[in-house]
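Below: one structure, written as structure tokens.
Chain nomenclature is as follows: A, B, C, D and E, assigned in order of appearance, with residue numbering initiated at 1 for each chain independently.
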């Protein structure tokens, strides 16, 4: 039968590969994957868009769906983790968080709407750097992580706070350093079955495969961290 | 040079289908609305005019959300469609609706610009010859509006080919099912080394729209009834 | 046809306020520019709605503000031919002609396409695109289009005023015979008295949005004789043509007249200007004028500088026009006999 | 003005191939529809570019395919007045008039606004919107606009053909005097011989894109005398008017003529149709015609059914027209003396 | 009911400024291009036509990306601007450029539709009266094109108010600096519970565009030179 997955856009490649792998062993299952921003996916689901599995890039939208009562809560669990890094030109000398003060400009996701931006804001605030960066007008806000990365990759900014998984996609930019995990909440990707999907064998089969070692390995390949 | 995966090819067909359907839907609708705006004397004309323009003024994503609310499970139209057994969200029909709504203001404004140049005496003549209101509309105003319908159709088709924001919300981004060219391009830009795929799809878009432009010019040349007589 | 109109309409500064009842098939509306002729036409067809009043055509009420009746243009059965033909540019001639016809209930269709195209001599144009027609052809097609809708009333709003003189002269006889032929009652709006004389029996004269008088075009033209460059145009119905040498001989009542031969051999209505008639007191013997009639003076009518002399020539009436000195010099007086001379080339065929 | 043209131009099926050199200020282009008159006009103004050839206006080369000279329309100093006025709809009359004037170097401005508006009698229209003008007013403004650009050559491409007869007759004298007055050389394109006679000295006759002959309008009209409904129009220059009773007496060379009094007391050119002249062998005594001249026959010219009779009346030439029977009956022959009678009302003022 | 934060107010001013500037830039540009497409006989006209239509056909994000490549630090035009000391990326100028490029095809097509109805004889008349090519363009073609310029301007302004995809890439989403209304709305919609803020901004957009529509109608009515004479 059909399995409908709504997944955050940052999982595009990993999920595509997992699906392809799963299809080899389960050719009768049709996997329909819908990639968009986590918030857009959540609103679609609330509006009645057909979906069996929802994977969000942050817990905020998962919580929203739970409040709306469309989630089979007992199936909700963390699929993978991610971490925040600073990506920039390979020649840049930045090795620690405080070095950003020396950089020309820094791109982050808009903290209001982009989770990665929010985490970056939290980390920089914790390190007492955020205010200064803002005063010096060095922060460039992007609509999503990919855009922040694009700026760093094209050299429009000296560095961008992005997820590790995104940074691995860059052509020119390299990961300069990882942001210490104690400065910001862990980046989690919660997954869940939606109400009405429980009990469908094909859905549960694929959901389980996501958490299987074979599945998890693919996520690792794309830079995600495992929920040990 | 073209580097198209099977889902890309599906996206191309889907985009062509969606843009064509959206154009075919908005043509009669745009014609009717333009007619009201150009000729009728109803009082709430400015209101209608403003309403039609909304999808142009608001960001496409917002239009997408509005449509989602309207057509969703709890939306007034959503319930209607559900009782009819029609599924809109996450189907290509959703993409058609999104593109139609976004393309409508362009359609209406073009048709209206043309319609406002039709000689009122021709309409008078038609009425005195026994043609009723709707009869005149279809047998006279419609054929004389062909040049502006073509312009409107071209604009709407082209805009539909490029529409992203409203489509992704209403139809979703499901490869092979609702993924149109712009959504596929979006996916490529989220993939390492996706540039060549994105570029190929852009080229296909350009070629399709170019064909439409040529058709536009051909129809245009045939249907401007002696408006421009070269000395 | 009986048309009863009693309407008031304000348009900006202009006010149209008229009350009449006419009974006839060929009615003229005459008046200066801006006198409200087209306003009347628009009120009749329904493109203007009067402030107050009534329009009744035979037994049908088209408009009645008291009874809240206001038929829409397509239900009035009043067709119009405008100054510019206003043909539908996207249809060919044939489709233009049939536009109204197709929309007329079969029971009311009194004419068929072939009748009209034949009468208007537009058979050969049927497949043409309307942009490829000359002005006169366009106007003929517009007329045919209106006729084929078989209206109860046809309004012709200066249908010829955009055409040049030559075309006008070609088309008027046409109009006259076709309109007669099809027996559709009409209102003919025009500035031109000569058109009026050929095409109408009664004339309503308008000025400033008000009806001045109901009269006829002949009377109006006589009144204007002196001012008219061509004088008063006698209308002569001539018959039984046959060639005589290089000329054509026609019967005019009991008289025989000679016309130059660049004419069809056909009965018809001919014009002879009062200014083209020379009066002689005595028989003038050898003279180049081919026509010499003896006439008894039945009327002498001074109009400004000119004097109209009405003659009875063997029972037919002829109006000649001379300068006032000539009246004295020729001792013209009612009851006297004079010789009226005019050239074979002085005639103009009107139909 | 000397205009040398030698051009070849292919337009679809039509080929224009012409070679001429004319010298004069008032030149007519005459020919049937489709003969290439407007094509010539467009080649002169520069809207069509010839395939090959040369255009030289006085000492300026406007076009020379060999020397690769092709002046743009705005540098040719050739202005046009079209059949439809083509006034600029967004400008008022004044601004339309000044459009070309403002763009003419001060050194070449021979006229000022006031001269032209006075001559064309459009002073009172200056502030009007052009949509508020009548057809004749529009055409006068178009003419004024072209004159004020002070061109080296003015091309008038059937400037009157969209106007009705009455307006034409009003405007032609106007055109004649203004064009004379401002001394701007012009090419006058028209179908109408009577316009040509009044407005041009030489006429180039075109057919099928080729120049047939260079002649003058008078000769062309004589040739067409019989076919023309009004016959041949004698042009009489009359002077020294004074009132006599109700008539006006004019001098025509050594003759005195009487005209009806609805005329200005002013010298001018008058038309008298050959058809309005009656010839009598003997003196006809009391007769309503106010003019009776004695003439010696100097020519007898048969044209189809009609015969032109040229008379010398005290040194002035008059062409009468009679039917062929009359020639025999009146025993007309060269050298004989006859009486030419015509009415005081037979005249038409041309200027 | 309106619930606007200070950065929202800044976004509103910025949007108005960007849309106005973009419209003012595209008006002359669109006029010139429409002129070429309508009247000139250059050979590569279809190519130009296709190029102008690109921003309509491709997803706005792609256009934004292309502009970034062109105007960015390493882009050919970017370097030029840098030597001139002009910063485009991450400034409101970037938003103007994005909106201009996106609005241009709408502008060009409207103006062209109007221009193609100008009587060629009028242009001939103007030339023979000594007006050169450009003189004729400005003293005749321009004033006669006013109705279509107004339509084009309205479309461009409205589209600029709603433009999101290209603007956000070229100008960034910096509150108070480059954040236009659509970008602010985007921020709101990506926050659970941000609906009321988004709604307020939508309403403001609607009001602004409505004012422009009214202005459009007023100018229109004054400048249709007797084209439609009511009998």
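Heads up, the rule we're going with is that a residue touches a chain if its C-beta (ideal position, glycine included) is under 8 Å from a C-beta of that chain, and two chains touch if they have at least 3 such contacts.
These are the chains along with the protein names UniProt gives them: B, E = Molybdenum transport system permease; C, D = Molybdate transport system ATP-binding protein.
Quantities reported herein were computed from a predicted structural model and do not represent experimental measurements.
Farthest from chain D in terms of Cα centroid separation is A.
With centres computed as the average of Cα coordinates, no chain lies farther from chain E than C.
Between the Cα centres of chain A and chain E there is a gap of 36 Å. With centres taken as mean Cα positions, chain C sits 55 Å from chain B. Chain A and chain D have Cα centroids lying 89 Å from one another. Separating the centre of chain C from that of chain D, both taken as means of CA atoms, is a distance of 31 Å.
Each of residues 65, 119, 121, 124, 186, 189, 231 in chain E touches at least two other chains.
Residues of chain A in contact with two or more other chains: none.
Within chain D, contacts with two or more other chains are made by residues 47. Against chain B, in their complex, chain C makes its touches with residues 45-47, 72-74, 76-80, 82, 84, 86, 88-91, 99-100, 103-104, 131, 145-146, 149, 151. Residues 119, 121-122, 124-133, 135, 139-140, 143-144, 146, 223, 225-226, 229 of chain B are the ones that touch chain C when the two sit in their complex.
Against chain B, the residues of chain A that register as touching in their complex are 4, 6, 9-10, 12-13, 32-36, 40, 43-44, 46-50, 146, 168-169. Contacts from chain B toward chain E in the complex involve residues 46, 49-50, 53-62, 65, 105-106, 109-110, 113-114, 116-117, 119-121, 124, 147-148, 151, 154-155, 158-159, 161-165, 181-182, 185-186, 189, 198, 202, 205-206, 208-210, 213-214, 217, 224, 227-228, 230-231.
Interface residues of chain B facing chain A in the complex, by the touch rule stated above, are 65, 68-69, 71-75, 78, 87, 89-90, 168-169, 172-178, 186-187, 189-192.
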